[in-house]
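Okay, got some structures for you below.
Two complexes follow with chain A in common, the first pairing it with chain B and the second with chain C.
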Partner chain A sequence: MRKYILKRLLSMIPAVFVVSVVIFLIIHLTPGDPAAVMLGDQADPEAIAALREALGLNDPLPVQYLRWLGGVLQGDLGQSLYSDESMISMLLSHLGPTLSLTVFALAISLIAAVPLGILAARKRGALADNAISVFSMIGISMPSFLLGLLLMLVFAVTLRWLPAAGYKTLAEDGMAEHLRYLVMPSIALGFMEAGLILRMTRSSMLEVLGSDYIRMAKAKGEKSLAITCKHAFKNALIPIVTTVGQTFMGLLSGATVVESIFNIPGIGKMTITAVQQRDYEVVQAVVLFVSMINIVVCLVIDLIYAAIDPRVRLSA
Partner chain B sequence: MEMVKERPLETLQEAGRRLRQEQRALTRRRFFKNRLAVLGGAITILMLLIAILAPVLSPYGPYDMVVADRLQAPSAAHPFGTDSYGRDVLTRVLYGARVSMSIGAAVAAGALIVGMAVGMLASYYKVLDNVLMRVCDGLSAIPSSLLAIAFMAALGASEQNVIISLVTVSFPAVARVARGAAMVVKEQTYVEAMRAAGAGSGRILLWHIAPNILSPVIVQVSFVFASSIITEAALSFLGVGVPVPDPSWGNILNEGKDVIYSAWWMILFPGLFTALAVLGLNIFGDGLRDFLDPHTN
Partner chain C sequence: MEAEKILEVKGLSTSFRTERGVMKAIDGVSFHIRRGEILGMVGESGCGKSVTSQSILRLYDEKYQVKYGGEILFAGKDLLRLPEKEMQKVRGNDVAMVFQDALSSLNPVFTVGHQIMDTLRIHQGMKKAQAREKAVEMLRLVGIPSPEKRVDQYPHELSGGMRQRVMIAIALACQPKLLIADEPTTALDVTIQAQIMDLILDLNRKLHMGVMLITHDLSVVAEVCSRVAVMYLGQIVEEAGVNDIFDNPGHPYTRGLIRSIPRIEGEREKRLYQIAGTVPMLSQIPQGCRFAPRCPRATEACRAQMPDLVPVSGTQRVRCWHADGAPA
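Up next is the complex of A and B:
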C-alpha cells in the first residue's frame, strides 16, 4: 500500500505542473496588454504602467511563471484589484456557502439516486426500471441553471413557498432558515449528478446481481431483499464511490452558475464578480484553488479505492 | 448447364460490392431497431433543421423591437410572448437554436479533430504519449466550466472564443478514448502488414487506424456536443458567452431571469429547447453506444 501511495503521489506531479502553467497563462490570453484591459478604457497610461510593474508583466514569461509559482507555493495567490484582503482569506470567507451548497446537493442526489438505482436493477426491464431510466436521462440533460430558474418560477414566484434567492448562514440564522434558502439551489445543482449516480448504481448493481456468488446465495434460499442489501450492494459500492468523487467535483464547479442565479455569496459568485470586474488574479486564484481541491479529492478516492480493493494497488 | 447461363458468375469485385451492400443494409436495419438511437437522432435532426431554417420559420426578425409590445404574454401574434424590448421570443428562440446548435456542432467537430490527432499521435509515438497525455490529465484536472469561464474572461465574450474555450476543455476526453482505441488497433495484424509492406506512419495513421477507431470516438463526440450546448448556455447565461443582442438560449434565459416575476415565458420556452436539444443528443449517444458495443448485442 505504501508503494502504491508513493507511486500515486509521484504521478500527480506532471498534472499539477500542467494545471499551474495553464492557469498562469490565463491572464496572458487577453488580447493586448492585460494591465490596460484590467483597468478599462479610461485608465491613464501611468496607472497602466504602474499595474504592469506591479504584476511583473515586463519580465520574460518564464521568469514571470517562476515568480508566480514561487508565490503560490508560499501561499501568495496574488492580490485583488478591488480589495485589500489577502486572497487566501477571500477564498476561505467564500468557501462556507459553497461547501454548504455542495454538501446538500450531494446528499440530495445520493438520497434520490442510490435507492432508485437499486430498485431499477432489481426490476430490470420492468415498468419501474424504464420509468427510472427516463428520469435519469432527463436528469443528465437538465442544465442546473435551467432547473434552478424553473424551480424559482414555480416555488418562489408562483407558489411563494420559498425565498427566490439569497443566503442565510447556519451560525447566525439557524438550520431551518439555512435549509429554506438552500433547498432550491441544492436540488438544481444536484439533479444532474443524481442522474449520473443513478445510472452508475443501476449498472453496477446489475453486474453484481449477475455474478456467481449471488446465484449461489439464491440457490441457498436466501431472501431476495437480503441478497440485495447484504451481498450485492456492498460490492456494487466500489464504482459508486468513484462516481461520487467525480460528482463532488462536478458539484463544486457547477456551483458557480447556481450561486450566481440564487445570489449565494460563495466561491462561484466571487469568480463571476471577478470576471465582470476583469480582476484576473482573483479568477486565477479561484481556478487554482478549486483545481487543487479536485486533485486532492481524486487522490483520496484512488487511495480509498485501493484500500477497499487490493486488486487496484497490486495491478498498478 | 442452363443455370449458369441465366445467372452469370459474379466477378470478385461484384461479389465484394454485393456483400458490402448487404452488410450495410443489415447494419441499417439493426440501427433502426435501436429505437432510442433513432429517437435521439430524430430530435437532433429536428433541432438542426430548426437552426438551419430559422429565417424561414421565424415570424419576425430577431432584432425587431416594438417597445409598445414589451413583455406580452403568449398570444396568436407572439406564440412565445415578447421580451423586455418587445422582441418576439419565438423568433429569438429559433435564432437561438442557430447560435447554440452551430456552436455545439463546431465544438464537437473541433474536439473530434484535435482529440483524434492527439490520441492517435500519443498511441503511436511513445515519446509523445507521455507529454500529450499529461497535458490532457492537467487540462481535465481543472473543472471544465470554471476553465471555460476563465478562458472567456481573458479572451472576451464572442461566439468564436466560446468555441475555442469549449474545444480546449473537451478535447482531452476525446483524446483519451481515441488513444485507447488506437492502442488496440495498432497491434492488429493488418497494421503490421501495412508496415511490413512499407507504408509510412502518416498513411497508416490516417487511412488505416483513424477509420477503425471512429465509432467509440463518435460516441464520445456526441456527448461533447450535448455538454457544449449546456456549457455555452451557462456561459451566455452568466454574460461571458455569446454577447447580446445576438440571441442564444443562454442569454435569453439570462434576460428572462431579470423579469422572472412578470414573464415566465422567457424562461420556459428557451429552457425547453435547451433541455430538448441536450436530451436528444444524450439519447442518441447512448443508443449509438449500445449499437456499437458488441457486449450489449
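Up next is the complex of A and C:
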C-alpha cells in the first residue's frame, strides 16, 4: 500500500507540470496586451512599452514561463490589478466559503443518494424503485440556478424560514448560523450530483447483486441485509466513488453559479469578478489553484480505490 | 442396513418468471441421498442439474424470480415450507454448496480467511480470533500449503485449484450433513481436477456427509459415485446404482451419454458418437416423452404420452416406454 501511494504521488508531478504549462499558455497566447489593459484606453504607446519591459512581457515565452513558475513555487502567484492583498491570502480567504459549500453539498447528496440507490436496487421494479427513479431524473435535469431560485422563493420569500442569500462564517457566527445560510445553496448545488450518484449506486448495486459471490454469500447462510450492506456494497463502491470524484469537479464549477445566486464570497464569485475586470493574474492564479485541487481530489479517489479493492493495489 | 436418508426430494418443480411467461425449468424431480453416500447427477448443459441443486437451498429470489413446488425433506423438515429465517440456519450449516467457478464465487474484496470465518461466525457464533484459528485449520484440512499465510490473502492471489479448495473449506467449515458440489472441477486443469475429486472423496469418508455431485463428466461419476441420477430437460430420466448405469443403461439418453465417452482401449470408431440434435428450449418442451425428438427408438406412443419413472430392476428406475432391458 505504501508503495502504491508513493507511486501515485510521483505520477502527480507530470500532471502538475502539464497543467501549469497549459494555464500559462492560455493566459499569454490569448489576444490582448495586459500592459495596455492595465494602463487603460487613453495610455500613450511609450508608457505601454515601458510597462511591457518592466513586466518582462518582451522576453521569450519559455523565459517568462520559468520566471512565473519560479514565483509560483515560492508562493508568489502574481498580483491583482485592483487589490494590494497578496494573491495567496485572497485565494485563502475565498476558499473557506467554497469549501464549506461544496463539502456540505456533497455530504447532502451522498446521504440522500446512496441509501436510496441501495433501496432502489433491492426493490427493483417495485413502486419504491420507480419513485426513486423519477426523483433522480428530476435531480439530473434540474439546473442548479433554477432550483436555487425556487428554493429561495419557497423557503426565504414565502415561508421566511431561511435567509435568502449571504454567508456567515463558521468561526465568527457558529455552526447553526453557518448551516442556516448554507442549507439552500448546498441543496441547489448538490441536487444534480445526488441524482447522478443515485443512478450509479442503483446500477452498480444491481450488477453486484447478480454476481456469483452474492449467491455464494446466500448459500453460506448470510442474512439478506448483511449480503446487501457488506458483501455487495463494498464491491459496488468503486463505480460510486468514481462518480463522486467526477461530481466533485462538477461541484466546484457549479459553485460558481450558486455562489453568484446566493451571494457567497467564494472562489467562484472571485473568479467572475476577476473575469469581468480583466484581472488576468487573478484568473490565472484561480485556474491554477482549482486545477491543483482537482489533481489532489483525483489522488484521494485513487487512494480510496486502493483501500476498497485489493486488486488495485496489486496492479500498481 | 442402509444408512438413513438425509435428503429426500419429492416432486420438486421450479418455475421461473420470465418476459416470455412462466418457464418450468424442472418438473417433478424426486430423489434421495443417504448419509455418507455420493449421488451423481448428470446430464447435458441446460437440463436442470444446477436449478435442482440451487432449489434445494432456495437460492433463487422468491419474490420476483421463482416459484417452487413439491417437497424437499431434510432432517424431517420440508425446506420449501421453512420461513426464510430458518432457511438461513440451514444454508452453509446443515447443507453447504460448492460452485463451479471459484474465481467469481469468492468475493474479490475480502480475504479468503474472512470468507471462511463468515460461515463460522454466522452459524457457530465464534469470536474473531477463534474463527480465524478454525479458518487456518480448514485451509490445512483442504490441503493448502502454509495456511497461516494464505488466510490473509485475497482470492486473486491464489491459483485456480487453491481457490476451489478454499470454496470447499468454506463449505465444510460448519461440518454440513450434506454437500452439494455443482461441477466443482469443470473450470480446472485435469491434474487439479483429480486432486479436488480426491479431496471431496476423502472428506466424504472422514466426515461421513452425503454428497450430491453435479457433473457432466461420466468418468468422474464412475470413479466416485455410488448412485447416479440422469437428468434430461428438467426431469430425471434414469436413476440407478453406478454399476447398473454403466453396465445396463435403461434409458436411450443414458446410453447416448455413455456412448459419447471417448475410449482409449479397443478399436477407435471413425467419429465420436453424438446424440442427435440439441436440448430444446424450455419454451418448446415436446409433448409426450421429452427425449422423443432425439431418440432413435421413439414411436408414436412415445410422442403421444409421457412415460413415468418406473422401477425396472432392483434400485434402477427408468422413464421410458421401451425400458424392458433390450438395448437399442
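Just so we're on the same page, the second predicted complex is superposed on the first by the 270 of 316 C-alpha atoms of A that agree within 3 Å, B and C clash if a C-alpha of one lies under 4 Å from a C-alpha of the other, contacts with A are read in each partner's own complex, and residues count from 1 in each chain.
We take it that a residue touches a chain if its C-beta (ideal position, glycine included) is under 8 Å from a C-beta of that chain, and two chains touch if they have at least 3 such contacts.
On a predicted model such as this, the values are computed, not experimentally measured, just so you know.
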item: Partner chain(s) touched by A:Ile27 [first = chain B, second = chain C, both, neither]; value: first
item: Comparison of chain B and chain C by chain A residues contacted; value: B
item: Touched partner set for A:Gly71, first chain B, second chain C, both or neither; value: neither
item: First (chain B), second (chain C), both or neither touched by A:Gly221; value: second
item: First, second, both or neither for A:Arg311, with chain B first and chain C second; value: second
item: Partner chain(s) touched by A:Tyr213 [first = chain B, second = chain C, both, neither]; value: second
item: Touched partner set for A:Gly40, first chain B, second chain C, both or neither; value: neither
item: Shared chain A contacts, counted only where both chain B and chain C touch the same residue; value: none
item: For the chain C and chain A complex, residues of the former touching the latter; value: 54, 57, 59, 64, 84, 88-93, 96-97, 99, 101, 104-110, 118-119, 122-123, 154, 156-157, 167, 170
item: Touching residues (chain side chain B, partner chain A) in the complex; value: 134-135, 137-139, 141-147, 149-156, 226, 230, 233-234, 237-240, 253, 256-257, 260-261, 264, 267-268, 271, 274-275, 278-279, 282-283, 286
item: Interfacial residue positions of chain A with respect to chain B in the complex; value: 14-19, 21-23, 26-31, 137-138, 140-143, 145-146, 149-150, 152-153, 157, 164, 249-250, 252-254, 256-257, 260-261, 271-272, 274-276, 278, 280, 283-284, 286-287, 290-291, 294-295, 298
item: Partner chain C, residues of chain A touching it in the complex; value: 124-125, 211-213, 215-224, 231, 234-235, 308-311, 314
